[in-house]
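The same chain A turns up in both complexes below, where it pairs with chain B and then with chain C.
Presenting the complex of A and B:
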């Protein structure tokens, strides 16, 4: 029982890692907590559903198309809203991101209604292994997220673009005088955010039904994961997501399942009280 | 200019500033109309009391503070409307007073970043990089160390190395001696002289007046965002600071 819960928790954490990473990348590079990630996740799931169910494309192709489309949406949102507010500070950007989240969510609601939707995929029997029940969606999730994390790690560590993104997160003014085109790096960051959240939307849609509140229901968990790891820390977002995922699942041993999300709230409260910079974040110094 | 009766055209200033005004937000001007031209391959010290606008002036040159009026030219090219990154590509390098390295990245990554986006710039090639890095053996030995874990002097050297790797025409230094021991200040100033000897024009903003005047060719005294006085550094070397900063005896 416990082993099954741990396995389920790790898979839940891996799915959560993608939007938590998106959140932490935006916070690190553009310095604001982006509440629109939830709305973007919802839109990513619906875009994939359109390509998969309405256009009749295989889910893999639909995911790629959804990722590309959401990357474009993310860049357009930045150009239309965030770019104009960049100098106004984090609070203004945060409020704008809440507004954007509502806009994205309600575009989905207006276009597709409130009914729950599902991807058009074949139903397969779960695999039994060492007493554990592993379904195909979980295997797909593990492979997709680990692949995505590996690619992101290589991008950030080994390429000039990744170094530029980390440099902007470290010291934006210095990055500018070292010849880094901040507008270009910002746009590419939004493309990455779009791809990560679209993939997360598809994986969440595989696990549960797609509805307009899909991303909103994940919002607290992704913030808890990113804060637990330390906002701005890429490694922290992944570790934080895995911890939140496992703790939420294991907590169902002692808590009714409806209270599962309270774990994420509790994690945020405890962290803000005792370790506001999270597990891997830099301690902020107030002068 | 005339030399032995023959007409020799005056060299294009490496850095030329005309009527420069700048400030922050909706506040008043901090830089209140600065005009200066700097001869190539010289060190020009910018000195002045606290709050005289030295750092704002140098940040405006680097593009981090927008100019409200006036013009900035690098070797004759107007860069006033260009972004900091475009100015770097045009040959302007800037070493800030604090936070002058990426502390969360290794020394190797800092050095790579110095040229990652400037490979189109003339002279930036692997042979040149090797030549520059050969002058910073202590930094190269620490390639795998996080820049934030270096000592203050080592960080300053790393910041210099990064700036020089871009093969700049003009190097802007904002108080490079700040927070360093007297021995390290001498080392940094010796490095500034070597940079000039290598053909780079240096604008040196300094609070440590004696150290700056010891290496500079010329100096300007900034008071209230304006140039109060410009003279050869040796003429100012023995002057009283109060006289210099308050404009007495100029």
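Presenting the complex of A and C:
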């Protein structure tokens, strides 16, 4: 029982790692917490759903198309909204991002209504292995997320672009002095974020049904994961997501299932009380 | 038609109250509250429960304001010493918790069924057919009273201290005012006003259930504060009142555009508010009304208005400027985050 919960928790955590990474990347490079991530996730799931069921494409192709489209949406949103607010401070950006979240979510609601939707995929019997039940969706999730994380790691560590992104996160002015094109790095960051979020949207949609509140219901978990890892820390976001996922599953042993969503919130509260800068972050307390 | 107008005006009065609450939290003190709907529904439920227990509507209102003030103060205590980002997510979490409790604690809230027959103020003194008008008058009187109190607060030394915390908490701390205490106080006062608004909502409908409390309450409030001008109560009253009237009037769209059903309409409304928030932030960051402040040129001849930092110059100088501009984005506050990411990233 516990082993099953641990397994489920790790898979949940892996899905959570993608948007948590997206959050932490934006925070690192653009220095604001992007509350539009929930709306983006919802939109990613709906885009994939459109390509999958309405256009009749296989889910894999639909996911790739959705990732591309959401990347485009993210860049456009940045150009239309955030680019104009860049030098107004984090609070303004944060409020603008919740506005954007309302817009994205309600475009989906306007187009497809409040009904829950599902991807058009064959339902397969879960695999049994050593007394554990493993769904096909879970296997797909693990493979997709691990692949994505490996690619992202290589990108950040080994490519000139990754170096530019890290430089900009460290010190934007210094990076600019050294000739890094900030606009380009920002756009590419949004592309990465769009891809990560769309993939997460598809994986969450596989797990649950797709509805306009998909991303909003996930918002606290994403932030809990990113804050737990220390906002801005890439490794932290992944570890934070895994912890939140596992704790959420295991806590169902002691807490009523209805209050599952409260666990991530409790995690944030405890963290703020005892380790305000997250597990991997450094000081963020103001004097 | 008159009944319709009275209904819309009552809703606008309630929304304006919520806006007042956010205005003191975010407009005046710079504290972002994305869990407004949580405080609003907490106020409604507390007022309903206290009222139903036989203590009367006014005791319900007082209890609602008190409960919300306590909840806000507690959240602010948790998060206000940290970066603003944390308060934002903690308030969202609070909203979710309130929603979960509303839905799941059947013994207290009757779950999805909600609470009915909530006692209303002056119920026995006014004839049933004129009650809506009387209630509107009561709501407007309450808005006026809250307005007067907040306006006095805003112009008092306390209000100035709050604005100072918003613009630069380091300077405020240097001058001997504790930003932490000020933040908690501002957040609690704002929460109390939202609780009051929630109680009005409960009295107005006499029936509440969890489905009435959606993020649109939060969106309305932000739209109201941004449109009215952060920190300006007058602006909130005039600008936001008229804008919310406009948004409420979108109900009539349903009669003209056939394919628009209730879901589409509410989606359209919330989406438009989102667009409105972004557009106003970009083009009218100070809203339609300026917040009241002493003329700073009489104090510092060459000094800058803190809110001019909002319109910081762009172009080649923008980068250099952004690290030197006064206000919340000032160098004294942000670099900590930068250092944090520096170290964590190099260790990844």
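One rule holds for everything that comes next: the second predicted complex is superposed on the first by the 283 of 287 C-alpha atoms of A that agree within 3 Å, B and C clash if a C-alpha of one lies under 4 Å from a C-alpha of the other, contacts with A are read in each partner's own complex, and residues count from 1 in each chain.
Here, a residue touches a chain if its C-beta (ideal position, glycine included) is under 8 Å from a C-beta of that chain, and two chains touch if they have at least 3 such contacts.
Everything quoted here is computed from the prediction, not taken from an experiment.
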item: Partner chain in contact with A:171 - chain B first, chain C second, else both or neither; value: both
item: Which superposed partner A:51 touches (first chain B, second chain C, both, neither); value: neither
item: Partner chain(s) touched by A:218 [first = chain B, second = chain C, both, neither]; value: neither
item: Partner touching more residues of chain A, whether chain B or chain C; value: C
item: First (chain B), second (chain C), both or neither touched by A:190; value: neither
item: Which superposed partner A:119 touches (first chain B, second chain C, both, neither); value: neither
item: Which of chain B and chain C A:96 touches, first, second, both or neither; value: second
item: First (chain B), second (chain C), both or neither touched by A:258; value: second
item: Touched partner set for A:160, first chain B, second chain C, both or neither; value: first
item: Residues on chain A lying within both footprints (that of chain B and that of chain C); value: 166, 169-171, 173, 176, 282
item: Complex contact set, residues of chain B against chain A; value: 62-64, 83-85, 87-89, 93-94, 96, 99-105, 109, 112-114, 116-118, 162, 166
item: Residue ranges of chain A touching chain C (in the complex, touch as defined); value: 27-28, 31-33, 35, 80-81, 84-92, 94-96, 98-103, 105-107, 109-110, 113-114, 156, 166, 169-173, 176, 212, 216, 219-220, 223-224, 227, 230-236, 256, 258-259, 261-262, 264-265, 268-269, 272-273, 276-277, 280-287
item: In the complex, chain C residues that touch chain A; value: 26, 30, 32, 34, 78-79, 81-86, 88-90, 92-94, 96-97, 100, 103-104, 169-170, 173, 179, 215, 219, 222, 226, 263-264, 266-268, 270-271, 273-278, 281-282, 285, 309-310, 312, 314, 318-323, 325, 327-329, 333-334, 336-348
item: Interfacial residue positions of chain A with respect to chain B in the complex; value: 160, 163-164, 166-167, 169-171, 173-182, 282
